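Presented sequentially are two complexes of subunit A, the first with subunit B as partner and the second with subunit C.
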Partner chain A sequence: MAGTGKNEETKTLAEEADSLWLITFAGSIWAVHFLVCYCATAVICAKLGGDAAAILMLRLALGGVTLVALAGIAFVGWRSWLQWDFLDDGDYVHNLARKEDRHEFLGHASFLLSIISFIGVIYVSLPVLFLETCQ
Partner chain B sequence: MIMASTLTGAAPDSNNVYPPTEEMLAKPVDEAATRRGAEELRETWKTPKGFRYLTAVNNSEVGKWYALSAFFFMMCAGVLGLLIRLQLAVPGNDFLSADRFNQFFTMHGSAMMFLFAVPMFEAISILLLPGLLGARDMPFPRLSAYGFWCFIIGGVFVMGSILFGVAPNSGWFMYPPLATEAEGIGSDIWLLGLSFIEVASIAAAVELIVGVLKCRPPGMRINLMPLYGWYVLVVGGMILFAFPPLIAGDFLFELQRSFDWPFFDPERGGDPMLWQHLFWIFGHPEVYIIFLPSIAIAAMVVPTAAQRPIVGYSWIVLSAVGTGFLSFGLWVHHMFTTGLPSMSLGFFSAASEAVVIPTGIQLFAFVATLMVGRVKMSLPMLFIAGALAIFTAGGLTGVMVALAPFDWQAHDTYFVVAHLHYTLFGGMVFPLMAGVYYFYPFFTKKTLSVRTGRIVFWLMFVGFNVTFMPMHFTGLMGMPRRVYTYPSVMGWDLLNLISTIGAFIVAAGFVLFAIDLLRPRGKQPLAARNPWKAGTLEWSHNVPEENWGSRSVPYITSRYPLWEQENIVERMDKGRYYLPDAPDLKRETLVTTVLDARPIQCLRVTGPTWITILAAVFTGGAFIFPTFHWYPPAIVSGGAAIACIIYWLWTATSQIPAKDKEMRDVGLSLKLPVYASGPDSVGWWGVWITMLGDATAFASLVFGYFFYWTAKPDFPPAGTEHALAGPLTLGVAALIASWASIYGARVVNRKGKVATARTLLIAAPVLAILGSGLFYFSVAGSGLDPTSHVYPAIIWAVMIWTIVHTGGGVIMQCYCLAGSLFGKVTPEHDSDLWNVTLYWHFVCLTVVVAGLTIGLMPRVM
Partner chain C sequence: MRGRALRFSPVALLLLAGCTGTQSALDPAGKDASVLADLFWVLLIGATVLWLAVNGLFFYVTRIEPRSLSRRLAETLVIGGGIVFPFFLLSGLLAYALSIMPDQRLEGTGVQIRVTGEQWWWRVEYIPEPGAEPIVAANEIRLPVDHRTEIKLGADKFIHSFWIPALAGKMDMFPGRETRLAVEPTKVGVYRGQCAEFCGEAHALMAFQAVVMEQDEFAAWLEKERQDAVMPASDLARQGEAIFLEEGCGACHTVRGTEARGPAGPDLTHVGSRLSLGAAVLPSDREAFADWVRHTKRIKPGVKMPPYVHLSDEKLSALSAYLEGLK
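Coming up: the complex of A and B.
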C-alpha cells in the first residue's frame, strides 16, 4: 500500500531537498578539489616530470581550481548562513520539535561544514604555492 | 515560525491523527488493556529456549553474542601481544622463532583491527540502537544474525590458523611482494577470511544506517536525534566507502595468488603500489572508524555525568561528518617513505593536519559540557578522563609522525608502535571500557562492581603507560618494529624489559575486568532502572528484562526525553503510545520518515530461524574452500548459500498481508499500512546503501586501471590485443535493454498491466544472459591472456566483476517473475520489483563504465 506513505517520505525529502544537497556540497567540493590536485600532480609528475614549464602551468591551473573551489564553498556557506537565520532569532541550539528547528539545524550544520571544508581546501593547496619541483 | 499544528494530517485519511495532542497522551489507559498488551508482546518477542536459543535474531541476543565474540577475539589478540612482549623482554631471546613471531604480530594487528575494533562497534550499536530509538528491534533482524554468524565463522577460521602455525605473517597490511610471494596458505587465509568478515561488517553497517534513518520514534526529527545516532550514520557511511576498496584489493590480490594474474608483479607490468593505495584508502578511515564510535560513547556519557544537555550539538555533528570526509584524504601519509613525488606528498601532509580541527572541536565540546555542568566523577567518567589524557598524547606524537620529514626517521621504528597504541587505547579501548561500565545496567539489568572497576582502571592506565611510553624512546634510539629479536645495545635492554612488565600489568587489568564481566550474577539485586539519571530513551528499558525492546513506542519532542518530557516513562509503561500490543502475535516496529520521523509504516520484522545460520555456513564455505584451492566445493557451497538466501527472502520478507489486515491500528488514532514499497520501505533503503558500497568497490577496480595507466609507461603494452569492440558493444546494449525491461516491468506492473509486466520480466533475464555472454566473449575471445601482463589481467578482472553482478541480477529478475506468477508481487505490493530495479540501476551503471573502460579507453589512450 504505497499510496499514503509514499507521499509522506517524498514530501519531506522534497521539502528539504535544497538543504540536503547543501549539506553535501561543501564536503564534496573539498573532496573533488583534493582529487583533482592529487591526480593532476600525479599525472604531470609521472609523465612530464622534469619539465619546469609544465609544473608552472600545473601550479597555475591548480591555483585557479582552488579559487573556484573556495568560491563554491563560500557560496554554500552563505546560502546555509541564510538558512540558519541566526541573526534573526539567535537560535543555535535547535532542540525543539518544530519544522523550523529542523530546517535551521540543517542550515547550521552545513554552514559549519563549509567552514571546515574551506580550511581544508586551503590546507590542501598550500603546497601548490610553496613547492616548485616534483622532487 | 511554523506551528506544529500546520503539520497535521499524516495521511489523507481523516480518521488519522498525527501528531498526538497532549490531551490524547494524558488520557489514562485501561488497566486491562495494558495487561493484555503486555502479555501479547511478551508472547510475541519471547526468546527461543534450549538449543533453539541459537536461532534467536533479536537484537539483544545477537548483539550480546557479537560483543562477547569480539571481546573473546580481543583477548586472543592480547595474548599474542603478551607473547610478543615476552619474546622482546630480553635481547637475543629465542622464546619464539622468527616465523612464529611474524605470524604473531600479524595476527595481533589483524585481529585487533578486524575482529575486535570494528565488530565491537557494530555489536554495541546493535545492542543499543533500538533502545536509543525506542524501537522494538532493528529493521532487518535476520541480517544482523547472518552477519554475526559470518563473523564468528570467519573469525574462528582466521584466528584458528595460528594454532596450526600457518597464519599470515607479512604484517597486518600485507604489502606485496612479501605477501604475494609468501609460502603457504597464510596470505590466502588473511585475504579470503578477512574479506568474508568485511562483507559481514558491511552488512551490519547497512542495517545500522537504515535503522537510524528509518526506525526512529515518531517525532524524533533529525535535529533531535541522539548524538550516538549521528555517529552511527557517519561511521556506517565510512565503512561503506572504506571497506570496498580493500575488498577490491583483496580480490586482485587473491587472483594473483591463485591464478598468477600479475597485478602486483613489476616484471609483467604490475605495481605493488596499487595495493598500498587501496589498502590505505581503507586504512586511514579505518583509524577513524575505530575511534569515532568511542567519541559517540563519550557523547552519551558526558551529558549524563554533567547532568545537562551537550554543549554544541551542531558543532559535534558537523565535526563528526567533517572527520568522516577528511579522513579519506589522509590515505597516502602512511606511505611517506615509499617515494611518491614530494609535491603530491605535500597535499597529504596538509590533509592530515586538517583532520585535527574537527577532532579538536569534539573534544572541546565535551570539556565545555563538563565545565558548565555539575560533574560527578563516576566510573565511566574516570575512563573517559583517562582516554582523553592518552589520546591527546597520541595526537601529539601523531602530528610528529604526520610531518613527512620526521616520518623518514620514525617510520618503521617503535616510535610508530607507541603512537599507534596511544591512539588506539585512548581513542578506542578506554572509551569502550567507559561505555561498558555505563551501559552494563542497560544490557544486563545488573551492575558491575565499582570497586573492582577502579582497580581495573588503574591497572590498565598505569600498565599502559609503563608499556608504551618507553617505546617512544626505543623508537627514537632506532629500534625497528617487527623484529623478532635485537642485539644488546645500550639503553634498549632496560626499556624493553620495562615495556614487557607493563604489558603484564595491562593484562592483569583485562583479566580482572573479564572476571567481573562474566561472573554469574544470580543473587545480585537488579540495577536501578535509570542508575545514572540519564536523559536518553534507552534508560526507559524494563527492569527486570523484557524482550520487546520498548513497551510502547513514544512520541518524542526533545533531545533528552527522560529529562524534558514529563511522564514519558510512565506513559510508555502503560502502553499509552504507539504499538502497545500485538494482537496478531507478529513482531512489529514503526517505520518513520528520514527527516521528520513521521510514522509511515508498521513494519513486520522477522523472527527466530535456522536459515541465517545455514546461509552463513555456506557463505563461509564459499570463502574458506578457495584458501585450499578446492574450487568445486567452494562453488557448490556458494550455490547453496544463494539458495538459502532466496528461501529466506521468499518466506520472510515483503509478505503480503491478508485483505483485512492491510492497515494496522497502532494506537493514538493512527492507522498505518503494514506493507510498503519503494523509498517508503526499509528494504529499498537497504539495497540503496548496499549498492553504494558495491559501486565503491567497482570504482576502486577502475581506479586500479587508471593507476596503471599513470604509473606505467607500458600500459597498455605496445601492439597488444584489445577487448573485441563488436561483441562488447552488443553486450552492453543487451544489458542496458535488460535494465530497461525490468524498469518497464515495474512501471507497468504498478499500472495493473500484469501480463505486460510478466512479458518484460521474461525478456529481462534473457537479455541479461545474452548480454553477459557477449560481454564475456568480448574478453575471452580476444586472445587476451591474463597471466601474460597486467593489462589483460585488469580487463579480465573488470569483466568478471561485471558479469558476476549481471548474473546476480538475472537471479533477482527471475525472483520477481516467480513473485508475479505466485502472487508475491502484485500491482499494489511490488516492493521486490522496486528493490531489484534499484539494483539494476547500479548494474547498468557498472556495465556502462566497464564497457567504456575496457573497450573505449585503450583505443583513445
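Coming up: the complex of A and C.
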C-alpha cells in the first residue's frame, strides 16, 4: 500500500538522522580548525607580531589544536568505516531504495569526507611547522 | 627528419632567449630570485612528469590495452593514483615551498632604502643609518653587491607593486601602510624593475633601473648623491638653470642647492647621472630631456607634469643642457 510505504520511509529516515549528522562532522572540524588557525594567527600577529615568545606559544597552541582536530576526524572516520561495513559485504555501490543501502551509503560518504578533511587539516597546519615569524 | 630537427632548433633557441635578459625571473642575479627560479623549475618538471603519466595512462587504457581491468588493479589505481600518490607529492611540494619562505623574509642590514610608489614614478630615499637624514633620489635604485639590503615600501594614492624579477620576488605597496622586502644581488649589473600591480593609465610605463655596484663603488656613489647639485658648467647650462626657475619647474621639482624645492615630482638634483628618464621610458640624453619636457603627455598618458609646448627650441636646448649636466 502506498500509505504504509510512505510511513515506513519516514520511519527509516528518522533512524538515519544520526548518520546524517555523522556526515557533517569531519568537514566541520576541518572548517573550525581553519578558522581557529587563521583568526588566532591574525590577532597574535597584529597585536604581538614582534614577540618571539608569543609566536612560539601560538605555534605550540595551534599544534595542539591540530592534534585534537586530527583525532576527532580519525574518530569520525572510524565510526563511518564501521557504518559502511565494507569488510562484511564488500559493497561499493548503494543505489537501492532500502534501509541497508542508505545506511551504508552515508557511512561510505562520511568515510571519504574524513579522508579529505584529515588531509586538509594537515595542509592548513604545515605553515605553523615551517614559519617562525609573522613575516 | 634531419631537416626538420635543424629547422626546429633555431626556434627553440629563440624561445630560450626569451628567458634571459635584465627583467627575467629565470635569469636570476640575486639570492632570493635564484631560490624562486629553482622552485619554478622543480614545479615545472613535476607538473610535466605528472601530465605525461596521466595522459600516458589514459592513452594506454584507451588505445593500447582497451579492455576492462581487474577489480584489484582498478582499485589500486584509483586509491594509489588518486589519493596516496598525490597526497605525498603535494605534501612534498608544499613543504618544500614553505621551507624556503623564512629565508626569503630575512631582514637586510646597512643602508636602508625607502621606495614610495607615486603616479607614475618611484620616490627613492636612502637612509644610511637609522634616524639619519634621508638622501632623496628617484626612478632608479642602486644596490651594493653581495649584501642584503632592506627596502621599505609605501605608496602615495594608489596601490603599486615593487618587482625586480632578476633579484627577488615582488611586494605590493599600499597607501598608509608599510611593507618590506630585502634583496641580495650576487652579480654586478643593471636590471629592470617594473610596477606589477595595475595602478592607472601609465602603469605599464612605470619602471625603473636597479643598478648593482661593487660595495666600495656604491659607498662612493651614495656620498656623491648626498651632495647638492653641481654648478652649471657652461653658459648654455647657466641659461638653462634660469629658464628652469623662470618656468616654475621648481614648484614641483627639487634641485638641492638651488631655490627649486618642490616636493611633488622626482628630485632632479642628480637627474643627469640616471640611466633613464621618466621612470625608465626614455634614455637619459640631451634629446630625451627636450623630448620629455615638451611632450610629457604624449610620452606618458596621464602624467602629472604639464607639457611645455610653448618653449622655443633655444630655450629647450638650454634647459636640456642644464638637466643633463646635473650629474
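One rule holds in what follows: the second predicted complex is superposed on the first by the 121 of 135 C-alpha atoms of A that agree within 3 Å, B and C clash if a C-alpha of one lies under 4 Å from a C-alpha of the other, contacts with A are read in each partner's own complex, and residues count from 1 in each chain.
Definition applied: contacts are C-beta pairs under 8 Å (C-beta built on N, C-alpha and C of every residue); 3 or more make two chains touch, one makes a residue touch a chain.
Keep in mind that this is a model prediction, so the values were computed, not measured.
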Clash or fit (per the criteria above) of subunit B with subunit C on subunit A: fit
Partner chain(s) touched by A:A109 [first = subunit B, second = subunit C, both, neither]: first
Touching partner for A:I29 - first (subunit B), second (subunit C), both, neither: neither
First, second, both or neither for A:L126, with subunit B first and subunit C second: both
Partner chain in contact with A:V76 - subunit B first, subunit C second, else both or neither: neither
Subunit B versus subunit C as contact partner of A:V65, first or second or both or neither: neither
Dominant contact partner of subunit A by residue count, subunit C or subunit B: B
Contacts of A:K99 with subunit B and subunit C, given as first, second, both or neither: first
Partner chain in contact with A:T41 - subunit B first, subunit C second, else both or neither: first
Cα-centre angle that subunit B and subunit C span when viewed from subunit A, reported as a multiple of 10 degrees: 70
Smallest separation of CA atoms, subunit C relative to subunit B, angstrom: 5
Footprint overlap on subunit A, comparing subunit B with subunit C: 119, 123, 126-127, 130-131, 133, 135
Sites on subunit A touched by subunit B in the complex: 1-6, 8-10, 12-13, 15-16, 27, 30-31, 34, 37-39, 41-43, 45-47, 49, 92-102, 105-106, 108-109, 112-113, 116-117, 119-120, 123-124, 126-128, 130-131, 133-135
Sites on subunit A touched by subunit C in the complex: 115, 119, 122-123, 126-127, 129-133, 135
Complex interface listing, subunit C residues touching subunit A: 83, 87, 90-91, 94-95, 98-99, 101-102, 105
Contact set on subunit B toward subunit A in their complex: 1-4, 7, 10-13, 219, 221-224, 309, 313-315, 317-319, 321-322, 325-326, 328-329, 340-344, 346-347, 349-351, 353-354, 357-358, 556-559, 593-596, 598, 600-601, 662-663, 672-680, 710-711, 828-830
